[in-house]
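The structure under discussion appears below in the form of structure tokens.
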Amino acid sequence: MSELEIYQKQGFGNSSGIGQRPALLIIDFVNGFANPEQFGGGNIQEAIENTQGLLAEARALGLPIAFTRVVYADDGSDAGVFTLKAPSLTQLTENSFGSQIVEQLKPQDGEYIVRKTQPSAFFGTNLTAWFVSKGVDTVLVTGCTTSGCVRASVIDSMSYNFRTVVATDCVGDRALGPHEANLFDMEQKYADLMTSSEIIAVLYERVPTETAAGPR
Amino acid sequence: MSELEIYQKQGFGNSSGIGQRPALLIIDFVNGFANPEQFGGGNIQEAIENTQGLLAEARALGLPIAFTRVVYADDGSDAGVFTLKAPSLTQLTENSFGSQIVEQLKPQDGEYIVRKTQPSAFFGTNLTAWFVSKGVDTVLVTGCTTSGCVRASVIDSMSYNFRTVVATDCVGDRALGPHEANLFDMEQKYADLMTSSEIIAVLYERVPTETAAGPR
Amino acid sequence: MSELEIYQKQGFGNSSGIGQRPALLIIDFVNGFANPEQFGGGNIQEAIENTQGLLAEARALGLPIAFTRVVYADDGSDAGVFTLKAPSLTQLTENSFGSQIVEQLKPQDGEYIVRKTQPSAFFGTNLTAWFVSKGVDTVLVTGCTTSGCVRASVIDSMSYNFRTVVATDCVGDRALGPHEANLFDMEQKYADLMTSSEIIAVLYERVPTETAAGPR
Amino acid sequence: MSELEIYQKQGFGNSSGIGQRPALLIIDFVNGFANPEQFGGGNIQEAIENTQGLLAEARALGLPIAFTRVVYADDGSDAGVFTLKAPSLTQLTENSFGSQIVEQLKPQDGEYIVRKTQPSAFFGTNLTAWFVSKGVDTVLVTGCTTSGCVRASVIDSMSYNFRTVVATDCVGDRALGPHEANLFDMEQKYADLMTSSEIIAVLYERVPTETAAGPR
């Protein structure tokens, strides 16, 4: 029996769908993760480029949009177990180049910026509360890395009962084996996998036109 | 460059070690996950057997010990996105056979039983608070599945700044590809990997003898 | 300047209102808190009686309804700092009479029962996730005690960005000074105060009639 | 029966004590809360002055020290229900004068600064994780306001099973009625009340001398 067959037999891998009030979550697309010499590489650059289109459509439709950045204190006071495992993360401080969101995806006023020190966008942040304030029922996930902060955020998003969709062409990783392995795990247990084109098609069916900020 | 080399070059994969006050966390070793016809299979049975020795030593040393069970409400009132992805999870109710901890690892009085509905042992539970009450600084993780509730719990354990160790011979999964892939991810970013024998050797060096409940 | 004037001058005490998707939260109306010889007294009995009408209307309108119970483990394994301050709380175990929801407010299938050991209904529970799954934007709070678990739950409800309303005639406390003092604090900073009659009037304006389970 | 007698009869008001690893938490002593024309007044200024001595001793003893600031986004993107109740809170942005910690209590390198938007120092922050990383078992609380962010933080501190002590002369409020009422509630259920002198005396008995940074 293949791995997929084992999961199917035990009842995993069903779809949780897209609800009525989706939000877009863009995880750690910052300069340091766009740079193969720092934390980047693999298919991350391609994922950033693909996210530009999804972001533009989300803005046109007036969806709530949240970004995350990894930000550690300048004095190292908030270093912890994560920075024991990966000490170079502490380079990502408030004003460091590596911690700024990439120019292609620059946030606009009213979009929410989450500063975090842990993998999940929800851990030790007010992201859940922000989604509640916007009436969100579905989280569309892009960002990097698939096997790191995307995976951790997807588990929490699902655990808070947001329907969760991973935009497969808009998530990237420094190494492709973990990228693929984590897409498999997430699809079986936590989230639906869709391309950004598939997501956009559903959004234009689903989101009430009066919410949209204007014509496409 | 191999995947491992990419991670090494970017500064991942360091050790976070074992502190002075370890606790043992045993995740979802319940009948339903011991049964290949329900949620089990793979190397889960072997992991249960290997956990018996580690549990006995942890008891001898007087370590805080916590178990998790997946428990959904009898009336389905707490079904959510996780049970959309995997509807058969709702079979695990308070008194169902599948939700009882396996006989080989039966909890004793004073050991903490976490009821959970989501992957992480920490999500929507008081496990963090219980570890704080016991002065815990390190979590030794066993259980199943490696790619599911173990991975999710390890991320949260590390995020709460508990030094986290996965007992490699005491975690199991229904399919071995995800098991291996998740061990790789966890070692690179969140936890140390050690066999139960290696862990026990460190415990007997580290834990003050006066804490131990008696001679080995 | 009176205390109220100080708060007004500094810009507190505004209304946060009722949104489109209210839920009813009934906190700790269990036998032990209905009994003046255990944890009850004051105006708690009256608050239980007043809650009956609000519960009936919430059911007629099909609102999501959640109840909390305080439940400690039979073996005392989850005792903590709260039970150092108030040791008699550990009497409230799963099958103890004191921990059962009062007969007048008996939950129905599909209504959510939160077991908790700490003051807030949200702390270490999945209540936030359950409200997300129901699309809730407003929490209507009843229960006891006003100065204890109601106050703690109201802070968290507001912090998660649920518009929060305390039903003044449906919350009670063993002593009236703390009851009044906590209503003042909550109104200034966290929640609106309304009688159950005022709440019901708004619900019938606000909740789409097609949601209602049937005629009044 | 007096209110105090009711609480005593029901078993509240016991001491939870001070453990072996206390930390100092200084809540919202920022310019905006030191200014009676913004959010200050009452006995807040006096509490700031009294905190100077406790902070100096905590530093001499090498205790972990954390400060909180209220910080909202410049573009108002994170406004929520709290800012519906109290709109002027949104004046407290990263670089506003009102949001800076008062000069008398200026943090030093290695001390942890928590940015928060909600009442509790623990809500949507990494404070619990930071205390775990420092092995903290007890939280000594100072700050303002007693009836607001101090009360909310004390509930969470206790809920996470940190023994919690309110330094009575180091907490302040814009109005004295709520200050006194909240001290009563906290002592009965969540925390011990001690003066800063009493706390310092215990610290010098309790904290191992080798931890202290030097002679007094």
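Chains: A, B, C and D, in written order; residue numbering restarts at 1 for each.
Following the convention adopted for this analysis, a contact is a pair of C-beta atoms (placed from the backbone, for glycine too) under 8 Å apart; a residue touches a chain by one contact, two chains touch by 3 or more.
Please read all numbers here as calculations on a predicted model, not as lab measurements.
The chains in contact with chain A as well as with chain D are B, C.
The pairing of chain A with chain B is characterised as same-residue: of all residue numbers used at this interface, over half are used by both copies. Across B-C and C-D, the chain pair carrying more C-beta contacts is C-D. Centroids built from CA atoms put chain C at 34 Å from chain B. Centre-to-centre spacing of chain C and chain D amounts to 26 Å, using the average Cα coordinate of each chain. Counting partner chains per residue, chain A shows two or more touched chains at residues 80-81, 118, 123-124, 129-130, 133, 159, 161-162. Contact residues on chain A toward chain C in their complex (touch as defined above): 21, 128-133, 135, 137, 159-162.
On the side of chain C, the complex with chain B involves touching residues 73, 75-78, 80-81, 109-113, 115, 117-118, 123-126, 129-130, 133.
Residue ranges of chain D in contact with chain C, taken from their complex: 3, 6-7, 10-17, 38-39, 41-42, 80-82, 84-88, 118-120, 123-124, 147-148, 151-152, 155-156, 158-159, 161-164, 174-175, 177-178, 181-182, 184-185, 188-191.
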